[in-house]
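One structure is given below, encoded as structure tokens.
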Amino acid sequence: MSHHIVELKDVHFRYPDGTGALNGISFRIIHGESVGIAGANGMGKTTLLLNLSAHLIPTKGEISIGEVTLDKKTRQEIRKKIGFVFQRTDDQLFMPTVYEDVAFGPINLGLTEEKVDERVKAALEMVACLHLSNRPPHRLSEGQKRAVAIATVMAMDPDILVMDEPASNLDPKSRRQLINLLKGFEHTKIIASHDLDLILDVCERCIIIRDGKVVDDGPSEEILMNEDLLKENSLELPLSRQYQNLKKFF
Amino acid sequence: MTFDLEFFNIGYLDTLSYKRTFVHRLDPRVKILVSFAFILFVVSLPKYELSALMPFFIYPVFLMNAGDIPFKAIAKKVLFISPFAIFIGIFNPLLDTEIMLTPFGIPVTGGWLSFFSILVKFILTVSTALLLIAVTSFPGICEALERLKLPKLFVIQLLFLYRYLFVLLDVSLRMIRAREARSFGKRGKEIKTFIRLISVLLVRSIERAERIYQAMLSRGFRGEIKVLRRHKLGYRDIAFAAVSVSLFYIFRNVNVVNIVGETMKSLSK
Amino acid sequence: MHMADALLSPAVGGAMWAGTLGTIIFCARKLKEKMDEKMIPLMGVLGAFIFAGQMINFTIPMTGSSGHIGGGMLLAILLGPYAAFLVIASVLIIQALFFADGGLLALGANIWNLGIYPCFIAYPLIYRMIVRQNLTPRRIMIASILSVVIGLQFGALSVVLETKLSGITELPFGTFLLIMQPIHLAIGLIEGIITAGIVMYVRSLRPDIVDDLEGVKALTSGASLKKVLVVIAVLAVVIGGAFSWFASTNPDGLEWSIEKIYGKPEVPERTNPITENLAKLQEKTAVLPDYSLPTKNEQDNNPAWPAADPGTSLSGIVGGIMVLGLVLVFGIGIKIMRKYRAKT
């Protein structure tokens, strides 16, 4: 894993039908950092992630990953470095069996059959789903699908992991397993989520987005304990901290 | 049949298809070709042939028992579709009234013979088709189709259809439930509402396809997809094919039933 | 409800399979040349959509019974003829396997009946011709209704022909036709209206989808005269082939109608490439084993499939029951063997 720096300089993005989504975002993420992206719905989180993972290209401003600036030509190259886990697992798992889904990426990277097999098995081991190799995706539980979706991305050996609402629809146990899994990854992680407790648990840094702009950017412990800031952005204190605050009254 | 029932039915056969019995592990190409041969032999029997059809039951019975497929699952489906065959076939006894046999002194017309022949052929062919998928799994069938030289493009989109079938059925089911919760009897099922519902389903499906394409791109897709080849032709497959087709040939060309009948007659003397 | 195997003869079934497979290969090739790679997931998802859509019923006005869409023409409008044919084929394959809706042998015929006419006749010759580049509601409605109705009429006619040519059911050709055509006319009207409704409503939700449709794109490139002629030629061969086959096995009926039309027992010879080819086809079909219409006397003259004895009276019945019994015992034996193996 090389040292890839994610840098956004005054990034704007406007959809073809005119709706503006990103209005000047700038930040810098260094290798190995885990950053949570929080904000109310419709504020630009998903658009930001899509830009970061080279599915969309900024209409103004610049994104650079490693030393490469994102544009139409460098798109493919940048996608190789980024593992994007979609919000809806059904969109991500599109092959007939788990094995083939995880193998899809490595095969497209041009690896040999043996290498592909190695990668697939390693990725599935990582998420504890090796026994599900021959299952069709529609026979998996939501938690299993989520784990396999992560494996499909890890098999490509990305430098940066970008995830959109990874814990949505998970039962508590699966959610805990996911959190532990993420904490074990050394990659750079950029996670958009409503689950502020997850961000608190996994990410040491948090960025709050509103109206397509960065409202605050700093250590999660600070940002996510700032009640006023959170309220302004249609958020609340992480549930685990609400209780602690209540304790003050007793 | 309510929608729910139909939805779970397809899931049931699908679940059965992932078992690992001897039959399940046979090469899917062999299973497809043998089943096709079976149907051809059965259907090629002349229209008044009834008793000669009996030995053919051995194939579906074998698949069912060796593949651990519950009899009820197959029987229910066959029964459900039978009205169609009965409706078409019932004209035979009505129009064909020439008497052909008189077993035990009871006159039987050609019409009834051909009618029952149609029914038995129907049971044999339908159960075989169901058992084929029940012991093969759909990706297995797709793999076989590709290796049997069907265009790869066709097979790949077939696999996609299968993959998203259950997802969309689920979406559809939820739409129906939502509609049911707000409609009473026939109201709410008018064409106008239907058009709205299905158009929304269509738009959502197209948007889903767009997202899937994005997911494919994000994993390096450049136009080529590989269909995994899991099966290799082995002794078992070839033996199975050889034995089955030989049996079919014998049953088709030698009146086994008559032989058995004559043997019984002579034994009882 | 699609055609079942039990009502089809091997010859008819095989012939339809040949036609369908040929078309599948042709469509795949055509698509490969100019297809956007986006189409692959789109085709699969739309196939699943048709399935899911067919599960939603609506009440048919004035009858109170419920119906569901077919979707063939809708697919042709959304994807263009080649992709639509493949998707229709896929949907039917799944229906045949999981629902036993239509047999495996009849699958070739079913795909042909439900795919060829909407995609290669109704869509290019009717829908596109009417809609051209104006997607006005009126044009869409008229075009949809006409193309769906005609597609279904051809399909229904095919079913009747295939059943008749197989000769297994005694259902009279005329009666069958009289039942099928009007029913499919009514179905076609409703489905045509619904198809138009869907296209228009989708347009209101997401205009970019409709304007980007295969159909519209193809429209702007202009339908070439050559393509139209090819389609008409295919049509002629299909219908001509079917009728000549029918004629070759039912000489009386054809002669009777020819007499009525021309007042003479035979049509005056008019050579042109089409009839020459039809005559050639007729020769070929005469070579195919004539067991497509076996009568009681002809059973024994069957060269390709030697007939088994009809199994007369007692030995037939006794033997039949014994054999079934043996098969049952065999089945139970297998079950026991499996359970034994599973334990060890």
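Letters A, B and C mark the chains in the order given here, with residues in each chain numbered from 1 onward.
In this text, a contact is a pair of C-beta atoms (placed from the backbone, for glycine too) under 8 Å apart; a residue touches a chain by one contact, two chains touch by 3 or more.
No experiment lies behind these values; they were computed from the predicted model shown.
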Q.
So, comparing each chain's Cα centre against the centre of all protein Cα atoms, which one is closest?
A. B
Q) Where the centre means the average of the CA atoms, what chain is farthest from subunit B? A) A
Q.
What's the distance between the Cα centroids of subunit B and subunit C, rounded to whole Å?
A. 18
Q. Can you give the whole-Å distance between the Cα centres of subunit A and subunit C?
A. 48
(Q) So the centre of each chain is just the mean of its C-alpha atoms; given that, what is the distance between subunit A and subunit B in Å? (A) 43
Q. Could you say which residues in subunit A touch two or more other chains, in rising order?
A. 94
Q: Quick one: which residues in subunit B touch 2 or more of the other chains?
A: 138, 159-160, 162-164, 167, 208, 212, 216, 221-222, 225
Q. Using the touch rule from the top of the page, what residues of subunit C touch 2 or more other chains?
A. 41
Q. In their shared complex, at which residues does subunit C touch subunit B?
A. 1, 4-10, 13-14, 21, 24-25, 27-29, 31-32, 37-38, 40-49, 51-53, 55-59, 61, 64, 66, 69, 86-87, 89-91, 93-94, 96-101, 103-105, 163, 167-172, 175, 190, 193-194, 197-198, 201-202, 205-206, 209, 291, 294, 296, 299, 302, 305-320, 322-324, 326-328, 330-332, 334-335, 338
(Q) For the complex, give me every residue of subunit B touching subunit A. (A) 15, 18, 138-139, 142, 159-160, 162-164, 166-167, 208, 211-212, 214-222, 225-226, 228
Q) Of all residues in subunit A, which touch subunit B in the complex? A) 53, 55, 76, 79-80, 82, 84, 86, 88, 90-92, 94-97, 99-100, 103-105, 107-109, 134-139, 152-153, 156
